[in-house]
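Multiple structures follow.
Next, two complexes with chain A in common: one pairs it with chain B, the other with chain C.
Moving on, here comes the complex of A and B:
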């Protein structure tokens, strides 16, 4: 059984008439101990999908249909009380931009200890603070700095604090939403290493969100790619990142273009061509494949008929009419 | 130089500047105090000269200023032209009465204002929030003296159950200090209510706006994500951050009130600083006015000083930024 099972989820911003379906009938499964990557460009709905899991959607966003099952329990429309007992204790979040995700007037030690105290009434303040110091040590920050405030840390250190905080209650699932985006490249690598090693040693599942596929390549077991509110491809990391001539590799044109949008420092220098154009305006009705307007292999059927998500190989799903013959 | 001594030195410098400014300001106001003391046009020049000498108004203005400074250094605030009493004792009495009124009304305004502001701010856009904003603005836009007169009419005249003037009942005989205090408390009700009704909007609106801004911060989502109850999220994470600007506003409010309770004190004949200033302007009582303004300025400076210091305690970011 999967730890997390999201099925046919639809999330809408705004009203029924004028609203925008930011997540449109998307599935997401994460197994026990599995690291899953969620990729796609800005505005494709990856953060919305992730925030819908512990129902931390902003005001105005509603889950229209579909279900979220966590650890065998349907929490789609769970009460705030039930959700509060799950949040952080079972599912914690490393928020986008840790620079502002920490409260500026509370010491970092206090902020790490806070969820432990909230979820364990038997824990004393002193023990919680001691554990917070252990966690700081585990993410490579000196224990003595637990009484310091967020503004006294660098960006990378704040992200480390955020990771320590996410692990405070030993959750089963950690959602890391663009955890390294605002950091420089050296710090990115360190934070990614830290996240990977701690996730393994804490025996937890990880949902890693990034617009940068190369970040997901060596961290995740499985990768799901989203485009304009839809899941367009999902498969094992080996499949998605396999070279084009191997027997099984990324099959959706969008995934392939996304892969080519980032340089690979280990390979030859290639021309980074990016993907011209913009994603469609989701407030307008959509017909056909949503990527059709930007796809270089578009055919007439793409503009009229929406491709279904089919299982191309075992556990490799693609939503493209020409998945089997896409040239890469 | 470290923070506190440097700040205190700034405060002292400001007090000196204010004292100088006040002195010249009141001598610019047209009108001759001697004429007002004599209450007649037909005073012979010798008597006028005598009065001028008595009140120290005979020398040049620079000479008068230097004498004023010298006396100030000796904590001698001068002699009131109109009350025929040392300014120090007049001021002390008035200050005590004003302090009583202001302490009670400020506590009510700040505490209730913040509570209502937090309630409204955490329910932005809901019906209860709209009603709070609308009614705050209605009261905020009413002139203080008009609200005062309205309350006098309703509670003093119509219903007649509450005293509308002074700080104690004239010629009252008290059975003990408790009944004396009860009498003062009854006299406090209407002036306090007037100040509270008008000024509470200030704190409601500032707290509300500040909290709404804070509610959209990323760390509020973190707090929600931690599985904390809504109350904990709003109060422990939201209000703690939202109160920083409210504190600055409180300091400004207290400063404004020291002189700004004039309208209320005049309407209710509350024998405080406001009424004293009002009467002193009418009598061109320079020494009293100078002293009143000096005391007001000192309160303003001290209130801001206190808020500066408190800010450093409440916001860890300030101490680093100096």
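Moving on, here comes the complex of A and C:
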């Protein structure tokens, strides 16, 4: 059984008449201990999908249909009370822009202790602080710094504090939304390494959101790519990042274009391709494949008929009419 | 001096005074420490480093946004650090900058066309407004903001991040500068849009023969985009060379670590990565001797030789590939 099972989820911003379906009939599954990467450009719906899981959607956003099952329990329309018992304890979130998310007037030790105290009334302040110090140690910050304030820390250190906080109540699933985007390369490597090493010691599952596919390659077991509110491809990291001549590799033209959007130092030194154009305006009705306007392999059927997400190989799903013959 | 050099930076040092609450200077942070480099006409040099390496301080010193403590900066044959007033204003058209954040670098109250025309007005280019308008529209066309008269009427908030960065490029390039300083020009943009912006910078740069100082923390991007790469650590260039040499044959242990953590999907053996521990030290407390020795894997592997603690290595080696390390060849 999967730890997380999201099925046919639709999330709308705004009203039924004028609203925008930011997430349109999307599935997402995460197994116990699995690291899943969610990729796509800004506005593709990846953050909306992730925030719908613990129902932390912003005002005006509604889950229109579909279901979220976590650890066997349907939490799609769970009460706020139920969700509060799940957030932090079962599912915790490292928010985008976390570098500014810490409270500037509280010591980092206290900030890590707070969710523990909120979820365990039997816990004393002293014990919570002691555990906060252990968590700091686990994320590579000296215990002695638990009384320091966020402004005394660098960006990388603050991100470590955010990770410690996310782990405070021993959650089963951590959702990390662009956790390394604002950090330096060496610090990025340190944080990704930390997440990997913590996964075994804390028995974690992770949903890692990033617009940068290359970041997911080293970290994730499986990758799901989204485009304009739709899941267009998902598969094991080996498959998605396999070279084009492998028997099984990324099959959606969008995924392939994303893969060519960053320089690869192992290949010949060529200019990156990027993807011309912009994603479609979702407030307008969509017909056909949503990527058709930017796809260099577009055919007439693509403009009229929406491709279904099909299982191309075992556990490799693609939504493209020509998935089997996509060339790179 | 060679007249084909668009930029010559010599012995540049930038210090910031750290003051107490009463305004007394307590210590000095040396963000840039005796850095020299040059860029030929039409050439692109990438300055690569982490935050705290001094790369933005170098850019700001060239743009005369901070005063250098020591050193000279020569743009297109003119020493600019001694200029002031009218001479300084006049010199500015020769060196233009593109900032990291297109959401903050464009005046929200001006239209796109006014933003580009403002560049010309400040530099005293163009006889009449009609003349300037014509040039500004041509500049908008050249950065792909078409139809220019229509896009020109928009305000920054009506544009996407990529479009804003195009406006910034148009405002810089309309002056036909000799040097473009681009400080992380694509790091705020979606990966899918980066190529378009970089291609545009490259095309305009080669059309107008503009030299470029390309500042980035992303070594793989520098490898793809630049003609030459200089790696900065704590205010000092520690290695400089051609992109193929820096990536394929890095000599400095710091560069080697940076290359090893570039995320590559096909990298089979993941254990080859060298993740440095700790963070770049504070520039008000630069370590004695080699400034990298406190984090250097080679220093530890060699049994902590005294030379690394005692003497500050300078850039040496063949002119096309230079490295500042006492032991880089001993591997």
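In the analysis below, the second predicted complex is superposed on the first by the 325 of 328 C-alpha atoms of A that agree within 3 Å, B and C clash if a C-alpha of one lies under 4 Å from a C-alpha of the other, contacts with A are read in each partner's own complex, and residues count from 1 in each chain.
We adopt the following convention: a residue touches a chain if its C-beta (ideal position, glycine included) is under 8 Å from a C-beta of that chain, and two chains touch if they have at least 3 such contacts.
Note that the structure is a prediction, hence the values are computed from the model and not measured.
After alignment on the shared chain A, the placement of chain B and chain C results in a side-by-side fit free of clashes. Of the two partner chains placed around the shared chain by superposition, neither chain B nor chain C is touched by A:38. Considering which of chain B and chain C touches more of chain A, the answer is C.
In the superposition on chain A, A:113 makes contact with neither chain B nor chain C. In the overlay built on the shared chain, the residue A:103 is in contact with chain B alone; chain C does not reach it. When both complexes are overlaid on chain A, the residue A:190 reaches chain C alone and has no touch with chain B. By the touch criterion defined above, A:218 lies against chain C but remains apart from chain B after alignment on the C-alpha atoms of chain A. Once chain A of one complex is fitted onto chain A of the other, the partner contacts of A:258 are limited to chain C, with no touch recorded for chain B. When the two complexes are overlaid on their common chain A, residue A:83 makes contact with chain B while staying clear of chain C. For the pair chain B and chain C, the least inter-chain C-alpha distance in the overlaid model is 5 Å.
Interface of chain C with chain A (complex): residues 50-51, 160, 190-196, 198-199, 202, 217-221, 223-224, 243-244, 247, 257-259, 261-267, 270, 273, 275-277, 279. Here chain A touches chain C in the complex through residues 41-42, 154-157, 184-190, 193, 211-215, 217-218, 237, 241, 243, 257-259, 261-266, 269-276, 278, going by the rule given at the top.
The touching residues of chain A, when paired with chain B in their complex, are 54, 56, 80, 83-89, 92-93, 95-97, 100-106, 114-115, 118-119, 149, 151-152, 165.
In the complex of the two chains, the chain B residues touching chain A come out as 217-219, 221-230, 232, 237, 240-241, 314-317, 320.
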